[in-house]
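Chain lettering (A, B, C and D) follows the sequence in which the chains are written, and residue indices restart at 1 in each chain.
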Amino acid sequence: MRVAVVGVGMTRVGRLVGKSIRDLAAEAGLKAVEEVGWEPPEAIVVGNMLSSLSEQENLGALLADYLGYRGVPAFKVEAACGSGGAAIAVGYSLVRAGLRRVLVIGVEKLTEAPTPVTTRRLAWASDADYELVHGPSFAGLNALLMRHYMSKYGVSREEMGSWAVLMHENGYRNPYAHIRKRVDLQTVINSPVIADPIRLFDACPISDGAAAVYLAAEGEARRLSDTPVWVEAVANATDAVDILSRKYLDRLEAAIRSAREAYKLAGIKPKDVDVAEVHDAYSITGVLGVEAMGFAEIGRAAKLVHEGRFAPGDKPTINPSGGLKSRGHPVGATGVYQVAEVVMQLRGDFPGVRVDAEVGAAQNVGGVGSNVTTTILRR
Amino acid sequence: MRVAVVGVGMTRVGRLVGKSIRDLAAEAGLKAVEEVGWEPPEAIVVGNMLSSLSEQENLGALLADYLGYRGVPAFKVEAACGSGGAAIAVGYSLVRAGLRRVLVIGVEKLTEAPTPVTTRRLAWASDADYELVHGPSFAGLNALLMRHYMSKYGVSREEMGSWAVLMHENGYRNPYAHIRKRVDLQTVINSPVIADPIRLFDACPISDGAAAVYLAAEGEARRLSDTPVWVEAVANATDAVDILSRKYLDRLEAAIRSAREAYKLAGIKPKDVDVAEVHDAYSITGVLGVEAMGFAEIGRAAKLVHEGRFAPGDKPTINPSGGLKSRGHPVGATGVYQVAEVVMQLRGDFPGVRVDAEVGAAQNVGGVGSNVTTTILRR
Amino acid sequence: MTSVQRLWRRSREYLSLKAFRCRRCGEVIYPPKRACPYCGSRDLVEITLPRKGRIITYTVINVPIEGFSKPTIIAVAELGGAKVMAQVVEGAEHLVEDAEVEVVLGKVGRTVEGLEYYMPAFRVVSGKDLKEGDTD
Amino acid sequence: MTSVQRLWRRSREYLSLKAFRCRRCGEVIYPPKRACPYCGSRDLVEITLPRKGRIITYTVINVPIEGFSKPTIIAVAELGGAKVMAQVVEGAEHLVEDAEVEVVLGKVGRTVEGLEYYMPAFRVVSGKDLKEGDTD
């Protein structure tokens, strides 16, 4: 049973004070349904981590009704910052299990609370009993990996900083991006320290946003769309939530496992990927993500970016959206943004940096690499 | 593709101060895996609503690793008080989509915070913008339905009170139940008013607990178990989260829709059900639940209970577990408890009130009837 | 807890009792949705609900949630074809099913910042032991 | 925020630095799990980690989360084959990779009730500009 993406939608990412969580979800979700001529979905899967900030659980039923699909099966899927990817994995399985049309909406409203509250809640993605209790922010946890990685592989501050420069160069052209400005390397490496060695420009912003993908079974897909994009594989994998019991602090095992499984299911190799959206919550996450996808050896990705690799024109082009760094990171929506962006690249209608692509990949990472979904798409 | 339940596990329900959310989930989950000779699952689905009270999201990865299955796909499914049922719907779809073995764990740790905090968070199952903002507790929302129902159908306080009497009579014999004591009708109808007309004994307690069901594809099921219980149908349906935009306040449309769909998929009628676990968060919820399942006409269920129907020996026997009223209501775990309990009835090894049953049903309700999953099981 | 941001975002629609009417089936839609839940149409027109109506059901909550006080009295009233939820802040002693109510502004709860906030609320104007016109 | 209940529940294991050793593969398992993440065995024996070890990595957090103060200094140290996370509460000026640390009890944050609480924390005893034995 082949499954296709036949519609996508997204809101601009940003600090969207005037929009509630349901407004955001409706804007993205209805755009995706509009793309299939308003054909109603048979089920709705919502990817979200922190609707607790809006005091609103039960998002599945809330959104089904609010969008105009009262009654259809609907629920929320949560896997920390990997909630969007996990929601796509669930939506994909629902179609494989027999449904014809499933709408997946990723949505997050993070700017509803003061920053120390939001950052504490983001740290709910870590181990509450053995990590959070000591006080690390989510940036702090990633900083622990970044220091270790830079030290172990002799990666310089400049090499790590090149990640942000590339992301902003791409995101500058993305009308949906949260932070649309170019930055130079000096700005990155001299920006304020958030959690040493992570500086402001190593970190994604705190964003609101929603994205949607409309999935359909093969026959339905051809009926609903002239440009279906085929889902070749969706592979979810997990790791310890705590970083402590992992064998290695210089790689994300779940991302490696998820990518391998996805490549196997799709019958392709890393070199076959034309365009990829990887999960760069921090520079270090992006670098480890690129290595997990098999686009660089462990310890090499930052150096390659610094040398100019992965920019538009290269194969693969990485994060033409600007990535989490520039497009932004509305946590539970991010994994859905990534898939929607890759779909637009394959259809040829992404409104920013465009990549001529046949095969695309999206990698969504929850926690510090504890829940990862890799999706492979083909035109 | 037939799917079976081949293992179940549960913790005692209660105010389990010494046990954290991961302890509870492990106790139930590993019991279910032990029942299949420690055969590892290929994926883990966690049903949970308020792990926010434990400051722990990312439960999928956390539990996969904690239980000993690091790496397997895992995520959390949330649908308010219907999270457990929704998790079973997702687990069932994963098997129908091709996985052979999926562990579903429902877990909730509600006693981690003071009661006014917990009750506010439970009200996150309502509409934050149009209901919660005015201050109704979850009991208050159900009280609105209860008053309307009693008034419209001329149901007496004594008739509504009979629900709790029957539940405690059953739950008294259930070693897993939260409140194991018999009560008489006078005690129920004279108990303190929580949210008029809901009194203490109309309401479920605030509980901790976890339950698990191990799902397997047909071939695998026969290999792993001598007593597989077949999942004939799992049907999820939604309604408006707010009660305001519903046509009727005297019925739960999502429960009706979910039950109808489940009966259709299973090819049975309400009269074929030998045993059912229905979702009696409050007396009124139980009564509306029984009517939605087609076991009584609208307006009749409380009267029938008062006349002695649905007790052990009747067909269907309802809530031999004691229901949410007596067994307790660890919110995101409840839907999994119900399925596990029905499975034990069909296998003949439930350690409380036992029903000689061929066909069983479980009805899990989220919000005030906004997200409902009905599961039909057969020996 | 309710944030000031949330109240601010919806203040206009709260205060004006904003709802929709479906142009296809004519039903009143409240709370607002993006499509008619009754016929599926997306052709909706914004309306303002009347400020008088009748109680459908109510509850007196003795175990209030965080941010609210005891008792919290909540009613659902029918206002021009819509069911609207609000606190009863005046005339609660006359509260009964089918009582007539009008919408006033009432201090209902506290925000996460600890500030008291106002919302549309109900005043009972005709009900138990009250004839219409007894008050004011 | 961290509840007193949560701290109380794990107080013994926090204070004793409880871990497991796998009887099959010999690996140290920390934080505690129900099975060995490395070989899958459920045959585990409880052990107590040593209170001295070496820093693997650390961070100085300038944007602390709710309940903690600026800067929050967090380190991961290797203690007897386990990687343990804790705050650095003494000798932070000597903090460097591979610095020697010992576990002390430190005031680290505030609970939801606003109470300060203590946890195992690190004191740097040998590191930047410090030779082993310089302190105490």
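We adopt the following convention: contacts are C-beta pairs under 8 Å (C-beta built on N, C-alpha and C of every residue); 3 or more make two chains touch, one makes a residue touch a chain.
Bear in mind that the values here come from a model prediction, so they are computed numbers and not experimental data.
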Identity of the chain that, by mean CA position, is farthest from subunit A: C
Mean-CA-position distance for subunit C and subunit A (Å): 40
Mean-CA-position distance for subunit C and subunit B (Å): 31
Separation of subunit C from subunit D, taking each centre as the mean of its C-alpha atoms, in whole Å: 52
In subunit B, residues with contacts to at least two other chains: 20, 54-55, 65, 70, 120, 127-129, 132, 240, 245
Numbers and ranges of subunit C residues touching at least 2 other chains: 1-2, 6, 10, 33, 37
All pairs of touching chains, each written as two labels joined by a dash: A-B, A-C, A-D, B-C, B-D
Residue ranges of subunit A in contact with subunit D within the complex: 115-117, 119-120, 123, 127-137, 139-140, 143-145, 147-148, 151, 192-198, 240, 242-245, 247, 249
For the subunit B and subunit A complex, residues of the former touching the latter: 20, 22, 43, 49-50, 52, 54-62, 64-65, 70-80, 82-83, 86, 89-90, 92-94, 96-98, 120, 124-129, 132, 235-241, 245, 253-254, 257, 366-367, 370-371
Subunit B to subunit D touching residues, read off their complex: 17-20, 26, 30, 40, 54-55, 65-68, 70, 112-113
Interface residues, subunit D side, partner subunit B - complex: 1-3, 5-6, 9-10, 33-37, 40, 42, 112
Touching residues (chain side subunit C, partner subunit B) in the complex: 1-2, 6-7, 10, 29-31, 33, 37-38, 56-68, 72, 74, 76, 82-87, 97, 108-109, 119, 121
